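What follows is a single structure, and I will ask about it in a moment.
Chain lettering (A, B, C and D) follows the sequence in which the chains are written, and residue indices restart at 1 in each chain.
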């Protein structure tokens, strides 16, 4: 049953989407918000592709591998952006992104 | 920090979305698939609103209450549909929907 | 056929989602980005609910009215926020939001 | 302004998502619904990736090309599935998918 099989990757995607959405909003409340624009943008892309990856895995879709491969790449890019910043939400987001990228890369193979 | 505050409801929404997506696909493989059409349709609506509710909570949105209230109603309707069927995926989906409805109702108040 | 019936409202939702997504990114490039935080947040919520409303109408969902009612309210709130700002993307977004709210309110009745 | 630049592709994605969502629901009402399972599944994947592609283009995302490339591939696969069936909604969906694939391929280059 695909849903159970992919459970670890689904959870990583869901956790990453939540971390990205939270990071985006938290960035908007930072004093240096202009400096956070790229981080907010990559958070938005990453949250969206993570939710799509989660959905297609839960549906056992034949395209789950392709979508997870792209998701891994977008997660790593988002992590690299978040790692430039010292905010706690950026650190937590980077960690969630790296974990999700690892899970999605394994799925995509 | 809203993200942490709403964590239990976010997890319930994510779990419900995955259960609904899995149930929809599994219904399509059942022999009595024509009989499962309403279940598949309610699964699709429920998965979508659960992912939206999860996102707005993670963003700490001012509209999270409104969206969670509607999500609770859609989850309960999906549970009621799933409870008509004897398939294991329907039972699991109904349970995830009832749990999510309870969490979302509490959030929406 | 619901898809055709709702075509005008689906198009208004799609146009509003695109205007909101564009406005959010454009706000992030403005010099007064800290001042645009609420606008960016309401753009994100509005884009998401508009895409959900579009999807449920295209599927002829039994919950389309409920979702369109909530979408109308979120669109009007987003328009009110955008109308506070002088940027061209905010003006265009407010217009798309008001049009979508009108269509969604009619759908929701 | 990316939003305007990509307008033709955004519209093709939105039209394809609506056609896929409509086709999925319409398939569920067909007498030979068991025969339509693959079509319904590919409709769901295609609608989801089209909405994501539309969103990232409207946001002027740096990952729009990657997402549009994958979207083109998923649209073509959905068209190929829909072209196996004689239903009017399948024909319309296949046409929307082919058009969207063409636009997304051009975007992705």
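Note that contacts are C-beta pairs under 8 Å (C-beta built on N, C-alpha and C of every residue); 3 or more make two chains touch, one makes a residue touch a chain.
The UniProt protein names, listed by chain, are A, B, C, D = Four-helix bundle copper-binding protein.
What you see is a predicted model, and the numbers here were worked out from it, not measured in a lab.
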Chain pair with more C-beta contacts, A-B versus B-C: A-B
Centroid distance [mean C-alpha coordinates] between subunit C and subunit B, Å: 23
Subunit A and subunit B: spacing of chain centres that average the CA atoms, whole Å: 21
Per-residue overlap in subunit C, given as positions that touch at least 2 other chains: 24-25, 41, 44, 55, 59, 61
Graph class of chain-chain contacts, one of line, ring, star, complete, other: complete
Partner subunit D, residues of subunit B touching it in the complex: 24-25, 28-29, 31, 33-34, 37, 40-41, 44
For the subunit B and subunit A complex, residues of the former touching the latter: 1-3, 10-11, 14, 17-22, 24-26, 47, 51, 54-55, 58-61
Contact footprint of subunit C on subunit B as seen in their complex: 41, 44-45, 48-49, 52, 55-56, 59, 61-63, 66-67, 70, 73-74, 77
